[in-house]
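So, here come the structures, one by one.
Look for chain A in each of the two complexes below; its partner is chain B in the first and chain C in the second.
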Partner chain A sequence: MNWMDLFHATLPVTVLEVAALVVLVFDLALLRKAAANSRLAGAVVLGVLGCGAAAFVFYHHTAPLFASNHALLYNQAYSAVAQTAIFALTAMTLLLLPGTKFTRHPAEIVATVLFAASGGLLVVAARDLLVLFVGLELLSLSLYIMTAFAKSSEKSAEAALKYYLFGGMSAAFMLFGFSYIYGLTGSTGFDEIIQSFQQTGSAQSPLFLVAMVAVAAGLGFKVAAVPFHLWAPDAYEGAPTPAAAFIASVSKVASFALLAGLAYSAAFALHNGKLPVAHIAANNRVVAVILFLAAASMVVGNLAALAQTSVRRLLAYSAIAHAGYMLLGVAAAALASDAEAMTRSVNTVLFYVITYGLTTIAAFGVIGVVEQATGSNKLDAFSGLHKRNPLLAAVLLILFLSLAGIPPLVGFWAKFNLFAAVLGTGSGVVPFALVALAIAMSAVSLYYYLRVLKFAYVVEPVEGAGKITAHPVVLLVLVAIAVAVVWIGCAPAGLVDWIAKPGLPLL
Partner chain B sequence: MTGLLHLWLIPLLPFIGFVLNGLFGSRLPKWLVSTIALLLPLGSLLVVALNWVDFVSASVPETFIERCPVGWIHVANFNVGFDFAIDQLSLVMLLVVTGVGFLIHVYSVGYMGHEEGYWRFFSYLNLFLFFMTVLVLAENALLMFVGWEGVGLASYLLIGFYYKKDSAADAGKKAFIVNRIGDFGFLLGIFLLIGTFGTLSFSGISANLATHPALQGGVLTCIALCLVLGATGKSAQLPLYIWLPDAMEGPTPVSALIHAATMVTAGVYMIVRMHFLFDRSPLALAIVAILGAATAIFAATIALVQTDIKRVLAYSTVSQLGYMFLGAGVAAYSSAIFHLMTHAFFKALLFLAAGSVIHALNGEQDLRKMGGLRNQLPVTFWVTTIAVLAISGIPPFAGFFSKDEILFATFNHGMLGQALWFVGLVTALLTSFYMFRFWYLTFMGESRSHDAHPHESPWSMLGPLVVLAVLSTAGGFIKINGFLEPSVGMRAEVANHSLEWLMSGVAVAVALLGWFIAHSLYGKKSEAPKKLAASLPFAYQTLLNKYYVDEFYGAAIVKPLQLTSKYVFEWVVEKGILGGAVWLIAGVPQFLGALLQKWQSGNIRSYAAWVAAGAAALLLFLLLTTHQLPVWLGNFQINGMAH
Partner chain C sequence: MQAPSMVWTIYVAFGGAAIQALLPKRSNSTPALSRWLALLTALAALCIAAAGFFTHVGSGMDVLTDHAWIPTLGIHYLLVADGISRMLVLLTGLAAVAGILFSWTVTNRVNEFFAFYLALIGGVFGVFLSGDLFLLFVFYEIAIVPKYFLIAIWGSTRREYAAMKLALYSFVGSAMVLIGALAAYATSGSHTMSLTALAHSHLPIGFQMWAFPLVFIGFGILAGLWPFHTWAPTGHVAAPTAASMLLAGVVMKLGAYGCLRVAMGLFPHGMDPWGFAFLGLGSWRDVFALLAVIGIVYGALVALAQTDFKFVIGYSSVSHMGFVILGLMTLNTIGLTGAVLQMFSHGIIAGLLFAIVGRVVYERTHTRELDVLEGMHLAKKIPFAAWAFVIAGMASMGLPGFSGFVAEFQVIVGSWSFGPAWTILTGVGIVIGVAYTWRALQKAFFSDKPAHTAEIQGHFAPITWPEWAGVGMLLAVTVAVGLYPRLILDSIEPAVKALLAGGAQ
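After this line comes the complex of A and B, so read on.
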């Protein structure tokens, strides 16, 4: 490793950080006296340009980073796909900001979003426990700040504090797990850890079991998997709209790309001779942990969503349920025994999380608009939405039906491909049973999505309720996403091929 | 072959017409609607004609396949695309479809001139041409099925064109539902094709069969019979013919185009298109032949006593389609297509002429209220005469040649063939009789009409009639057998010319006999027909009521289905089982959801406790399940190897 390599490998991250600083300085120096609207507009434009610039350098200057003999950062293949998605989804989150009134410090929230995105880039690319931890903390700390950003709202502050305390505890669990892994193998690099497992067989030690459960608690917190999900409903409800959208999309993409990559590395090492076959037992335990979290998340997420009256909390539980489906795909990647099945599982998880992130950003966008107009995110705030703003109602219809997995929308293909990949890997009864459970739970989910749509389309608006207007930029983003949801749903091959194109590395 | 055939233009042009008239027609002036509706099919006709020139001038005739750059379905190794193919067979069919289709479009301008929804009619008519050309051009069975369903849709829309009339709406529904039964067979056939050959491309299946010369019967028979079920639906054969006579509720040009000349022949076309499959299944071929012959005579007997001018022609169509099936069933594919072509000419002519008569009599369709029209409608009279001579099989008109070929091929097809030949011959006698009965009742004798001033139709209607009359006269001399050989295969010729002459003689004699009987019964005003009917009351009533087939289907199929859906499905399944299940499915998760809601206490200390408890539970779960995991996850064999 030399400084030049480090510079190249982290250039996109650096560009995002610099963009964040530019946003702050620009606002401080030039726009201090300007109207709130133009300050917001300036910050958003600079932030989106920053995402674009980072994506640009990402496509022209990337190389994996190695330290002595193991990789520190890996930004090709599945990482590249996830990083590109992070750039795009971050830009869309920023574009939800125009028209919002929750803060008087627009430059600061834009900068925080960019910091969070750079943390996400590190998480996706990390091939070393310490890099991973730094990335996760950078991401998480930014998210806590974003959650707290609505300073005049008590709920925002409460949610942020809960999120922060919960997150700190999970981070402690995870570090505890990392320290055990380091103790067992004497290394923090993924490649060296695998080598050490090969030489010492320490993966079969009971200590590894403890380490794994501790790490599962940490990562389970990131993806809001049951039983580490309790922060999610509060955070989703209290956070300002763009923050909630970011937590539900970019943060999810980063975490699931990491999980899928880890699962792939484990399965690949196991089935390409790097690890002795006896390690299958250890791998099975990893898979069992993931499946446990998946099953619990699907059931709890979907059933608890039924009882919600706040649409934000409903989306939080739905996010938990979706995390459960995606964890099935992660487990399939870890369980796969041939390269094709591994690749397929990883790619379907990526397809799922990217399209899910896209859909959720827009869903939060709609909620934000309605909330700003009505002052509430309860179900009845959506009454008669199709009369108050038909376009917004149509967008909501498309998004929620897609989340429920109704063809020909993209959510259907995400679920279909994912479940097909899971069924294609395991010959055991458990993968089959869990897919059956997932499908049954998807049917349950249709109920609560339709309940929101019932309020939007069937229930009459309250007396005297006027039109709801959205900021044109926000509306444009929402409509564009809705069109994309339909378009990709009708012709999924384009996105599927784009994700599959880089292939998977021989790690 | 220039390779620049631009087949995609053929369906696209009528489709543009459909879109233009469908979207904007209600706001456009009438002349513009008709211009759009006429010019675009004319464009298709020109493209087809250019293709034909190309084909005739090319030294080596071959199948030309135009692959669509955008695929449709890719699943593993199975591909279906929007690919079009043209060969001699589809070329003949296309000429008939676009040629006769265009003439009927022209005719419709006059015939539908005073109708409300003029634009709607023409946009549907163009839609029909679009789907029909897709059906004909399709290079694979699935794309053909798209066209097949599409023409069904267009047919439904056009039968129900007078949708305010209950009988028209019902007839449209009946056509659609009966066709669904056939389509079900076609679909099963498609699935079996995928399963057997892994492809739906006609060239692919044919190449696959060529490499397995020993493959016979078995699954091929099964596929063929499924396809035949499809064909009997679309081509109105026994037992699914019942929709066609009712379809006459649609405007007359529709009956001429869709329910006589083109769409209903799609079944015959489909069988001939897949002849390589049918050639391997003698049983399926025999069933096609028997179905054809049975339908031919069955429908002809019903036609004997019908009094509605269009219903006579409808049953006659069913009967003639039976001839085509008979031809295809004895592997005389080119003869079947030949008859398809001549039939398109003279039957379209008959329908259009009938339309002219109906138009002249202000909508009167009852033969008993016509008569003596030969002086008032001279052009219509003469073209009808030509068509009647053609369909009756009197030389040198078109029908004689094609029918004669089918009968001769049937006679040479072994024992079964000779039996079917006799059926065909009797049908020819009946055909000649009922067609001349129709002719005498309409044009001869004295007027029985209440309308004293019937008027000849405008030239936009008579023009197409004259063109079709020329084709019906001379169509028999178009020798398409040789032309079709590359696509439907050589036919074993029986070099027995004296026998051939004898058969022709018998056929002509039979046709003349039919004419003679019709003349003696209807030639002059007499009570003979009534006396004959009175002397055979049972037979007469049976025929008049069309063998009570509709009543039989109603009692045997429709009524039981209605009763089952009411008492079993609605009461027991819907309200009892499903309703109860929904109640349970909705109630249990709601209850659990409310319970889980309590978990969310909002208390951060309890959250911390839950995280710790969750981690502990995970650890416990792992420790307890270590030995079951390989079995659960399905990798116990690999694991077993390790030890």
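After this line comes the complex of A and C, so read on.
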């Protein structure tokens, strides 16, 4: 490895970082005296351009990075998909900023978002525990800052502190788990670790279980799986809208792509398509842990969401529930008996997390607009939205029905695809029971999604409530996402194929 | 000239819904425009349905359209029609037109009302024409959401509770169906969701044994299967007139159709004997027949005790849908034909009854309490309503000359060969049916109890043309089918025979 290789392999990440610095410098140098609106506009435009440039670079110059003998950063189909999704979702998050008034430092928040996105890129492509940890910390630290960005709001500060404390704790757990894994296998590279498990049978060791649980605590925190979810409702409620949208989308995409990557590593170590015994033993423990997290998240997330009166907290619990569904897919990938079945499961998880991220960004966009107009994110703030802004109400209708999994919207597709993949593993009654649980729980979820829609469509606005107006850019993004939710739902084949072969043109 | 294919019913309905949703909301002429547009949309759908129905009498299963939709999962956008589907599409078209005629007086958020209404209709058309299990499920769920909003926004008594209850019952039912469908897809391993292909994929009998009751109950919830019927009375009562008509008229048929096409079509061996008997029940078939008979008798008894006119009709629907389930479980041509005909017949008659109670009577008296109506001498005040209800009531009781008679008679004949005990209990249900209909009729229209207050003695608004047209159309259909049942039977008999020969034993 030399510096040139490093530069080559991390070029997209570097472009994002440079874009972040350009945003800062541009604002400082040229826009210091300008009106708040134009400063925000300048920062957002530069940020979006940065995402575009990084995506362009990513598609034209990318190379794997090796250290002596093992891969540090390596792009495969799944990580290319996830990185593209990160570019797109980050740009959409930035486009939710116009019209918001939570901060007087527009350049700083845009730069932080870009830093977070570059952390996400590293997480997705990492093939080494240390690179992974650096990426995760870059992502997490930026998220804490974004959560605290509404300086005049006590809730924002409280949420950030909680998020930070939980995050720090989980990072510590994860490092602890990494240290055990290193101790058991003598390597930090994913591929070497798997190989070592196969050759030495050290996955039978009880220490491996300790390591697994510690790593699960760290990753479970990132995806907000029960019982590591306690930060989520507070962070979702307190964070400024774009920050919450970012946490719910880009951070989720990165974390699930990482889980998918771990499953990939396991599969690439397959010998002649046959699973070595050690692999199965290791996998059964891993799968047991994942399935436990999945079931607990589905049940707790959906049931707790029923009792919420704040729409942001409701979305937080729904995010926990959705994480539960996706973990089922991850478990299916780990259970798969051959590489093809595993790829299929991983692709359904990616489809799910990307479309979920898309939907949830727009959901937060709608909440942000309503919140800015009414000063509240409680259910009754949405009263009469169909009169106060019919377009926004229609967007909300589409998004929430999609989250509930009503066809022909994309949320249904994602669920169907995922559950079919889980059942396709065909191994006994456990996957089936969990799919049945997941479907039953998504029936429960319709109740709380409909409750929000009831306020938007059924309840009349309070006396004297005027129109709600959204910034045209925000409205455009929201409508575009709603259209995409319907479109991909009706014709999912395009996205499904693209995820399977990201080299294809998307449309 | 060739008539447009029946698939256009779906597109016309959804297109109409989209236009309604996009109509400008502020101008004064919008309500009228919106009503006429909705009526035209529904009439167009009805014409397409009728043309499709009458040009294909007696022909078999036609593939209307077939496109690969999601190739990776073997899912096709496959629309097919056999005699049963064509009849149900025709029924939906009739109910849609009648429902719009009886919603002429909706004044609140008119275009949204018709947008949801037409979206619901489009979903229903889609279910009846789907030849792919996945597509059927998609349309089935599309039909759930508009029902919620129709009841929650435009409903009456405890509307939000009733709407949520209906939505959750439907969604739980569809969740059960989804589990069954996914399991069938995974088990067959044939990489297809086509109903015909799945039916021929020889699913293991052990699998069918548990998938059948799961899917049957899942659809049965929407068909008003006792004891999962409780959404029906509250939903019917809370819904605005047109929505009650659709709920009873076509949405409950969605459930019954799913039971027939999916549960019985894909998992016929689920109805095989278990090999042991528990309380005299030896198979899922016995279990569901028993539930159907309980539904018939229970629905009728509860209807007899109601004080709210609309609840009487609501429970009568549960009772009448029991005949459909019982007919399905007979598994012989005559019983199944009766069941399918009963779907049609009940769809028309229940729509008529709800229209009279919810629109013609309620919008003039502003009460549905039978005790209050007793003092109003409605037979003299609104003779039109009284006579229409007499005729509709006779049809509902199953008097010869109306469609209900033909259908229920066939179900009873079919059930005799299946189990005489069922037949006798069902007969009891019919007798109670006569009793509750007479009771409601007598109390609401022909009571000689003195009037209680002066204010309700005033005159009521005259009957308007949409009411005449709607009542006339539905009455004509039930009488026509009653007098000449071959009109419908010629279409459904071949389809039922094909179904019995192909899948369900």
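Just so we're on the same page, the second predicted complex is superposed on the first by the 490 of 507 C-alpha atoms of A that agree within 3 Å, B and C clash if a C-alpha of one lies under 4 Å from a C-alpha of the other, contacts with A are read in each partner's own complex, and residues count from 1 in each chain.
The working rule: a residue touches a chain if its C-beta (ideal position, glycine included) is under 8 Å from a C-beta of that chain, and two chains touch if they have at least 3 such contacts.
What you see is a predicted model; the values in this text were computed from it and never measured.
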Combined model on chain A where chain B meets chain C, clash or fit: clash
Which superposed partner A:Lys454 touches (first chain B, second chain C, both, neither): second
First, second, both or neither for A:Phe228, with chain B first and chain C second: first
Touched partner set for A:Ala35, first chain B, second chain C, both or neither: neither
Touched partner set for A:Leu303, first chain B, second chain C, both or neither: first
Touched partner set for A:Pro407, first chain B, second chain C, both or neither: second
Partner chain in contact with A:Val210 - chain B first, chain C second, else both or neither: first
First (chain B), second (chain C), both or neither touched by A:Val496: second
Partner chain(s) touched by A:Leu423 [first = chain B, second = chain C, both, neither]: second
Chain touching more of chain A, residue-wise (chain B, chain C): B
Of the stretches 241-249, 403-411 or 421-429 belonging to chain C, the one that collides with chain B: 403-411
Shared chain A contacts, counted only where both chain B and chain C touch the same residue: 426, 447, 493
Touch list for chain A against partner chain B, complex: 161-162, 165-166, 169-170, 173, 209-210, 213-214, 216-217, 220-221, 226-228, 230-231, 233-234, 276-278, 280-281, 284-285, 287-289, 292-293, 300, 302-308, 335, 337, 426-431, 444, 447, 493
Residues on chain B engaged by chain A in the complex (per definition of touch): 74, 586, 589-590, 592-594, 596-597, 599-600, 602, 604, 607-608, 610-611, 613-615, 617-619, 621-623, 625-626, 629-635, 638-639, 641-642
Residue ranges of chain A in contact with chain C within the complex: 386, 390, 394, 401, 406-408, 412, 416-417, 419-420, 423-424, 426, 432, 435-436, 439-440, 442-443, 446-447, 450, 454, 457-458, 492-493, 496-497, 500
Sites on chain C touched by chain A in the complex: 21, 25, 69-73, 112, 134, 137-138, 141-142, 144-145, 148-149, 152-153, 160, 164, 167-168, 171-172, 174-175, 178-179, 182-183, 185-186
